[in-house]
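Paired with subunit B in one complex and with subunit C in the other, subunit A is shared by the two complexes that follow.
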Partner chain A sequence: MQLAAMSFVAEPVGPGVAVVRIGKALNFSNAAEFKACCQQQQAERGVHSFILDFTDTGVLDSTGLGTIFSIYRQVTPQAGQVVFASVSRPVQVVVQLTRTYKVFRQFATVEEAQEALG
Partner chain B sequence: MTALQYRFTDLRRLVDDTHAIFDAWIEDVSEGGSVSGDALTLLRLKLAVHEWMANLVQHARFAGPPVVALQVLSLPSGEVECRIEDNSEGFNLDAALDARRHALHALPERGMGLLILHACSKDLRYVQASLPPSHTLVFVVAAPDEDIFLDVLF
Partner chain C sequence: MKDRSILIVEDEHTLRRLLEYRLSRLYRVRTAANGLEALAAVAEERPALIVSDIIMPQMDGYALQEALQKQSDTSVIPFIFLTAKTDASSRARGRRTGVDDYITKPFDLEHLLSRIARLLERQQVYQTQLDAFTAQDFSQKLMPKRMPAVPDYHSFFFNLPREQGGGDFFDWNEAAPGTYFFTLGDVMGKGLQAKFYAFSFLAYVRGTLHTHMRTTHSPAGLMSRVNQILTQDELMGETFASLLLARWDAYLNRITVCNAGHCRPLLVGPDGSQLVADSDLVLGLSPDATFTDTTIELGPQQAFFAYTDGLIEQRLATGEMVGEHGLAEAVQHVREAPDPLEALTKDLLARSAEPEFADDVLGFWLKRVR
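On to the complex of A and B.
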């Protein structure tokens, strides 16, 4: 069963692992909803690792990235991870600019990320 | 040469309308259409403009009905210059950038927007226009072969 917090949908794909489809944008207007979605998964499902699917994402801004940092800080004490999958070109520009590939592993597809975290 | 010129008066639609303009431009370039530009330059421009528009929407104080004018110019050097005029009260951009550089801790949740704008650009300035209350942000987009990055996050 999927849990949705406003515009974001998190799909559990394994023990403690969920995929979050980011959709068209993760920015200042919906970052709080994204955070709520992830925290709901943590609290209700015991999710500690998130695969962020950026397939269709045209915008990842500073607020969106900051919220991902926040989730990362919350899950790492539980040996959790945040990884990026199917990173679109606009998101790749942000990843390169901020050097966040040093923190978040990237996978070509969601399936590859699932295998790595499984 | 002016490549783009738009005027916005609805802050609620400012960010989405800006995205639509750049997405159409980027798609045209990617498909080898008639619009000039380099895809990476346009993506950096879109990101920089987004961060500024988001800053206006979230933080700017407007004495009257807001007006934001976006102009993108293709320079003879091949670089792209962006000018964004607004009728807000404005603020000291250099001081705000300095404050963020010194205040940010590793992996911050907030405070990166202006630094991302700065990293995507060169000759960045926010100046009062000749007819106040009006300010203009001006910058040239970092060239595709420039390896730009923020050095304050880790």
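On to the complex of A and C.
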């Protein structure tokens, strides 16, 4: 079953692992919804690792990135991970600029990320 | 509007349900059957507006309104009486301090909806103006009043804060005669909250520089200290920032830069522009992050240009963002201008899709003349 917090949909894909489809944008206008979606997964399903699917994502601004950081800091004490999958070009630019590829592993597809976290 | 919360206080079940049904199309609606229940609901979450009956068991509307008026945080909640009491004395009693409207039953639902919308709009406008004023105040405090004056150098600074912009900041200090430290950064987030965090963050950076410059003049060493504070201090647990820390040894014509996830600065000269100081990890993310210094020599007629992401993320009329390379090209056309930053922003706006910058814009230009 999928859980949706406003515009974000999180799909459990394994024990403690969920895929969150980011959609067109993660920015100041929807970052709080994204965070609520992830926290709902953590609280209700014991999710500790997130695969963020950036297929078709055109905008990732600093507020959106800050929210991903916030989730990362929440899950790492539980040995959780945040990984990026199917990273679009605009998102790749932000990731390169902030050097966050040093922290968030990237996978070509959601399926590859699932295998790695499985 | 769905994010606005309305509290309906009405003892008559059918009317309460009707109001809940109609208003919930537009707002988040909670209900209470009397004043006591309403006070409990307000304590749980402050509503944006209250619509209340007067005659109710246990605690009536007058008593509820009086109780709300006694506390400064609840006294400002817009309040509408919706009542069957139509006599003149009740109307007079109802039009007391803190009551924004008095509507008698039977009432026109559209009229009620229109009054609610008007009151919420007025509140929103007031809040927006207050936020804009406070954000402007923060923005000014995050910027220097003057720039260092050194022979053979010209320095320029440009800052254009946006109301819904982020937490850009810039600061400088003279660590020793002829040795200056520049801090330029962007605290992640938007609006007033980001500016407040930027204000707090800048205080941390200033404190760290002041304390640790006695033991190191390495920007990378200082950056590590700032990062440790951010990753270890729970108060700053939600704060992430990109930061460029630069030491300028003016008499040696040398700049040493450490970059934590910030836009890469440019070295601009007659032979072209080049990006300098590849960035390390953004601050606040990992306590194990390492930082490196990059030193550049400033030749005659060369300029060091640092900026925030509002410049490179500006959308051009072509649909493309300015980008690092676009900016490197643009600065070549303005490097000889009397005020290169003013010329640069004009040039970018002339080529932009919108007549204004979408985000805060901040730039620092340091040129060696001779």
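Basically, the second predicted complex is superposed on the first by the 118 of 118 C-alpha atoms of A that agree within 3 Å, B and C clash if a C-alpha of one lies under 4 Å from a C-alpha of the other, contacts with A are read in each partner's own complex, and residues count from 1 in each chain.
Methods note: a residue touches a chain if its C-beta (ideal position, glycine included) is under 8 Å from a C-beta of that chain, and two chains touch if they have at least 3 such contacts.
Just so you know, these numbers come straight off a predicted model, no measurement behind them.
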**Prompt:** With subunit A superposed, do subunit B and subunit C clash or fit?
**Reply:** clash
**Asked** Between subunit B (first) and subunit C (second), which does A:Thr100 come into contact with in this model arrangement: first, second, both, or neither?
**Response** both
**Message:** So in the superposed three-chain picture, is A:Phe28 touching just subunit B, just subunit C, both, or none of them (first/second/both/neither)?
**Reply:** both
**Request:** Examine A:Val87 and indicate which partner it touches, taking first as subunit B and second as subunit C; both and neither are also allowed.
**Result:** neither
**Request:** Give one of first, second, both or neither to describe whether A:Cys38 is in contact with subunit B, with subunit C, with both, or with none.
**Result:** neither
**Complete:** subunit A contact check, subunit B vs subunit C, more residues touched by chain B
**Message:** Just to be sure I read the superposition right, which of the two partners does A:Gly58 touch: subunit B = first, subunit C = second, or both, or neither?
**Reply:** first
**Prompt:** Should A:Gly66 be classified as contacting the first partner (subunit B), the second (subunit C), both, or neither?
**Reply:** both
**Complete:** Where subunit B and subunit C land on the same part of subunit A: residues 28, 61-63, 65-66, 69-70, 72-73, 93, 97-100, 102-103
**Fill in**
The subunit A residues in contact with subunit C across the complex are 28, 61-63, 65-66, 69-70, 72-73, 93, 97-100, 102-103
**Item:** Parts of subunit C lying in touch with subunit A, wherever the complex brings them together
**Value:** 164, 166, 186, 188-191, 194, 237-238, 240, 242, 261, 263-264, 279-282, 284-286, 289, 309, 313, 323
**Message:** Touching residues of subunit A toward subunit B in the complex: what are they?
**Reply:** 25, 27-29, 58-59, 61-63, 65-67, 69-70, 72-73, 89-90, 93-94, 96-100, 102-103
**Asked** What part of subunit B is in contact with subunit A in the complex they form?
**Response** 15, 19, 23, 39-40, 43-44, 46-47, 50-51, 54, 57-58, 107-113, 115-116, 119-120, 148-150, 153-154
